[in-house]
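Next come two complexes, and both contain chain A; in the first it sits with chain B, in the second with chain C.
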Partner chain A sequence: MKLNKITMAIAAAAVVLTASTVQAEIQPAVVYDKAGKFDKSFNEAVFNGIKRFTADTGISVREVEPTNEVQVEQGLKKLAKRGNSPIVGVGFNQANALSAAAQAYPNTQFTLIDMVVPEANVQNVVFRSQEGSFLVGALAAMKSQTGKVGFIGGIEIPLISVFGCGFEQGAKHINADIEVVYSFVGSTGAAFANPSKGGEIARSQYEAGADIIFAAAGSSGNGVIQAAADMGKLAIGVDSNQNYLQPGTVLTSMVKRVGEAAYQSYATAQNGTWKPGFVSMGLAEGGVDWALDEHNRSLVTADMEAQVNALKASIIAGDISVHDYMSDNTCNY
Partner chain B sequence: MSDVFLTVLLTLDATFRVSTPLIIAAMAGLFAERAGVVDIGLEGKMLAAAFAAASVSAVVGSPWAGLGVAMLVSCGLAMLHGFATITHRGDQVVSGIAINILVAGLSVILGLAWFHQGGLTPALDNDSRFLSITLPFVDQLAFIPVLGPLYKELISGHNILVYLAFAIVPIVWWVVYRTRFGLRLRAVGENPTAVDTAGLSVVKLRYKALLIGGVLCGIAGTYIAIAHNAQFTRDMTAGQGYIALAALIFGKWRPLTVMLACLLFGFLDALAVRLQGVALPGIGEIPVQVIEATPYLLTVILLAGFIGRATPPKASGIAYVKER
Partner chain C sequence: MNRDTRIAWINRLLLPLLNIITAFAVTAVVFWLIDVNPIEAAQVLLYGAFGYEEGIGYTIYYATNFIFTGLAVAVAFHAGLFNIGGEGQAYLGGLGAGLAILLLDPSLSAWVFIPASIIGALFFGGLWALIPAYLQAYRGSHIVITTIMFNFLAASLMVYIMVHVLRETGQMTPQSELFPTNAWMPFVHDVAAGFGYSIEASPLNMSVLLALVCAVLVWFFLWHTRWGYAIRATGKNGSAAVYSGIKPKRIIIVAMCISGALAGLVSVNELVGYQHRLIMDFHLGYGFGGIAVALMGRKHPIGIIMAAVLFGILYQGGAELAFEMSNISRDIVVVMQGLVILFCGALEYMYRPWLIRTLAPVKQAAASQEVATEVGA
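Take a look at the complex of A and B:
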């Protein structure tokens, strides 16, 4: 019996050893954003991607959950010092810290999600948000009864306007006459954390005749969804699948698959294909998508679903090209 | 014509909704400053109350329980402020800022630990919120031109805390100007030595003022979290405590003028929302930032003496030291 166990252990070790000759031995790590890994959004998506990676490969991932700005850089550097690589940084807030850490540890592989820093050992994963926004815009145009839909962004900056521009292109693709109204919550960081103001802006758009609003405004968007529920209108969520927030009110969500980005980063490091520079994830790579689940099933007819999926296929095939606002900072398409 | 009328009505309607927390918070600040205690911590107390109201309401399912606990929490912070500045004569601004910072961090950390939603509290269903009340005879009176729609869109359809805010203002006026307590309150903010000489306790009066402020901030925070919205989110008060302080100065520490200042600031906010991207005849498109900055600009202009003088209570910001 005992002997049996030992033989098995040896066999297992042998398997591991042979495996390691094929795949590089990596010590992956991650530094979450301040919201923490159970935020039902960005970080949790990354966490789920990591869980999947650990389940698939048996390699555990070292995690750091910073609670303030200073700890982000400390966490990145400490992980690098301990020999972890690749290290994934979650969110655009970590750009400066990650840049500093990458300079201090030039032999460590860093992956930054949703932002770009020009360092030789950093992989920058950015999402083609305009493609996902195009799909939800198209769905909004199919669903709208008033011929008017709204977009509410946090601040009027290119990073946010990308969503609005994609949304408008999708809506216009379905109905060339549809009117798209734009509003922005504010001009400081607080604009992404002001649900009262988000809700007020949503109310004004609904009162002016819009019946579906796409919000790309952080937690201000929660106010938009609440206003939609209170007024019996529809809203579209962003970043993570927000359909569950108000079932029957959230038409769909434009999802960024950040977990997939983390997974890919580790997997490529493992098989030796990890490269610094740009990685752009769109519909084709599964980086962005529209969300359909039991919470919005009743709002989306089979016909609409088929149409949106056909558009998705056309974008992936390259038959439809969605203009990227950030390429020229205008929305002329 | 009727379209324009309706737009104006809806803008004013939004003004009421946006001004409500400002008015209640400014009244809280009025009590504190009239008693000689500067209260920068309005923001923090509102945020703490918002968090408490949303958490309790999410767990218990009753908005009234949320309101009660929010008031307790806010009063607790007010007493902390009192302990630091009245009992120990600490710097009032420093103590207030400390409360703001403490709450900004603590609310998120507690939220993470209790609800595991990234510092948010669970979204509330309608049973655990303060909902809009439709006043009687709305539809029967709708046929009356001008007044009918005015009643329906503007007066009716707010939640109870909005009505409460507008009821509080005359009560505050009455308390401050027509009661013995109010007289002593004002005296303690102007000349605490005289109050002390008259045999009254300066410390007790200031604590009482802060306690009333705590109750009011509790209501304001509750409104933000579970009446205007349906959950707590990080930093959701978004500087409204500071705007309330600006309104307090702009309204020269008098209840009615302070309320008007809050309404003006609320109106500018509601207007800014509707003016986005709209080109006005002769002026063109007004950048949103201009309107956003207006409350602060107006207050600075007032402080510079261009639109009258704003004289704070004389003893405001000074800890009282009994002479020996």
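Take a look at the complex of A and C:
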């Protein structure tokens, strides 16, 4: 174990030495959301991006996992004070805190994922989640035998409704008569970390006739996937590729590559091309996607695959425009 | 020292100290098991909590919240009521404070805004406790069940209000607009600067004074007023209290409203003092932490202040620990806090029988001698 660490450190040092001749030294850092970095979903996707960055460059990333609202700002400022840059803030909840930290440390580069704050030293990365949700909705409609599919969100907030609305549009695009039922796990941040309740809600939706459920509820979605496996139904994962969690049960995953956003932020800072401002990542930029791998290969026929990819191409080309719930806070498309 | 004073010393000083030491000893073992040097960890923790001005500010800032909820739980405890709805009452208190500020004319002075926000917090927090109190007093629904259910109701209600009513237009995060600067509770570092002292900026604000005033008022109320006496009498023995002319139903209502109002004041520290807007989940953990603080503080304001500072240290020092040491995750910090609660709250009297047997034994001779001196005196 120790020896392993030492060899890794030497290897890392070697990489840094060779890399530093051409690239700037950076001290990257990240402040996770209150859900913590091992949520098997949103934060973990960021963590995986960071792990990949460390593996590729040998540069370690300082991590902070806040437990309350106050610690978010405290963490961001402390990292900036210690000279860390760029600092990635994970999640829309950090907007105020990141804005305050960015004002206090104008020479530090900040990247905010999933939200926009108008500061001169902040890069805002937002995802067009509705596009990926549209694709998984379409696939669900193709696969559904009962003509009824479900959506389970964490809390009823616009950021989550975007997923549901995109999902519904995709499903209706394939089958105008399909019924989409909506449920939400809860009303506090804890709703994103309650697999047992997610599972209960999924069970009631399955019993009411839905045969495929798309969960956008952080780790509560793990309960949905478990319920699907128990009842022989299908589920759709979110944020990370969750197909592997229950092979043969997870129809696909709506992948939101938040890890890529963190990775890119560090990589661009390293080669000097990091820019503040607004970055929107959709299907075209690879920011969102649907996941097809060996774990769900048997569930998706070649015909379905072709159809979904055709839809993807039309969205990228602009032939299909997916309504963004957040543009007017309604799902009238 | 006679036996009673000895027992009092054991209860008030020796037991809490021993409990804390045991909790830290077990924590040290946990740290040792995960390859962390416990001494180094203790140094980081104490440095984080007291080592620099900003750290001290955070420690006292957290302690302020715990003083409010600790007092809240204690007042209900004295009436024999277990108020575990501090979370919901604090949350609703935030709504009261926020509404008071947002509905007033932004050009008013701080002398209007700050008292208004305090009254709003007191009123809404108290109101949220009034309903479970009424249900307990007049309908016999157990307060533990109703207050914990009211925490969930509060969370749902606040989500609805934050998302559909108070959300700032064009904002994704469910949060209200920023309070006008006149309505901000002054930061301690700003006040100190006004007197010519320069201290590092931290979230610590003048709400800490409010907390200390509340502690004094609670002490005075409980031990020096007729209502306070009635509350304590009801808590000690409800049926006996009836015979001395106390109406327990009314006592339940009064004690719970005061308890809820005190819990509501958390929002003055968090929102009026630091966040300067109504946000979601600012209250998480403080309501339940208040139970441990009240238990550790022996339901007495002085004990509560000391226990609140200990929790402030654990929160701020724990954050420092997770920040500085890469193999300490935030979950280990929760384990540490949990151990303190376990030994100081749940296993409260673990050492007590043994301590009393060894330090204050009942001796036939000594006992009779004491009686003799007492009679003689």
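Worth pointing out:
In the analysis below, the second predicted complex is superposed on the first by the 233 of 333 C-alpha atoms of A that agree within 3 Å, B and C clash if a C-alpha of one lies under 4 Å from a C-alpha of the other, contacts with A are read in each partner's own complex, and residues count from 1 in each chain.
Just so it is clear, a contact is a pair of C-beta atoms (placed from the backbone, for glycine too) under 8 Å apart; a residue touches a chain by one contact, two chains touch by 3 or more.
These numbers come from a predicted model, not from an experiment.
In the overlay built on the shared chain, the residue A:G75 is in contact with chain C alone; chain B does not reach it. By the touch criterion stated above, A:G36 is placed in contact with chain B and with chain C alike. If you count the residues of chain A touched by chain B and by chain C, you find the higher number for B. By the document's definition of touching, neither partner reaches A:T252: not chain B, not chain C. Contacts of A:T67 after superposition: both chain B and chain C are touched. When the two structures are aligned on the shared chain, A:I155 is found in touch with chain C, with no touch to chain B. In the superposition on chain A, contact of A:Q130 is made with neither chain B nor chain C. When both complexes are overlaid on chain A, the residue A:G223 reaches chain B alone and has no touch with chain C. By the touch criterion stated above, A:M115 is placed in contact with chain C alone, chain B being left untouched. When the shared chain is aligned, chain B comes close enough to touch A:S196, but chain C does not. In the superposition on chain A, the residues of chain A contacted by chain B and by chain C overlap at 36, 67, 186-187.
The touching residues of chain A, when paired with chain B in their complex, are 35-36, 38-41, 43-44, 67, 181-184, 186-187, 190, 193-197, 199-201, 203-204, 207-208, 219, 222-223, 226, 229-230, 245-246.
On the side of chain A, the complex with chain C involves touching residues 36, 63-71, 74-75, 78, 92-93, 95-96, 115, 155-159, 186-189, 326.
Taken in their complex, chain C has these residues touching chain A: 58, 61-62, 155-156, 158-160, 163, 172-175, 203, 270, 274-275, 277, 279-282, 284-285, 315, 319, 322-323, 326, 329-331, 333-334. Chain B meets chain A in the complex at residues 10, 14, 17-18, 109, 112, 116-120, 123, 132, 224, 228-231, 233-236, 238-239, 269-270, 273-274, 276-277, 288-289, 292.
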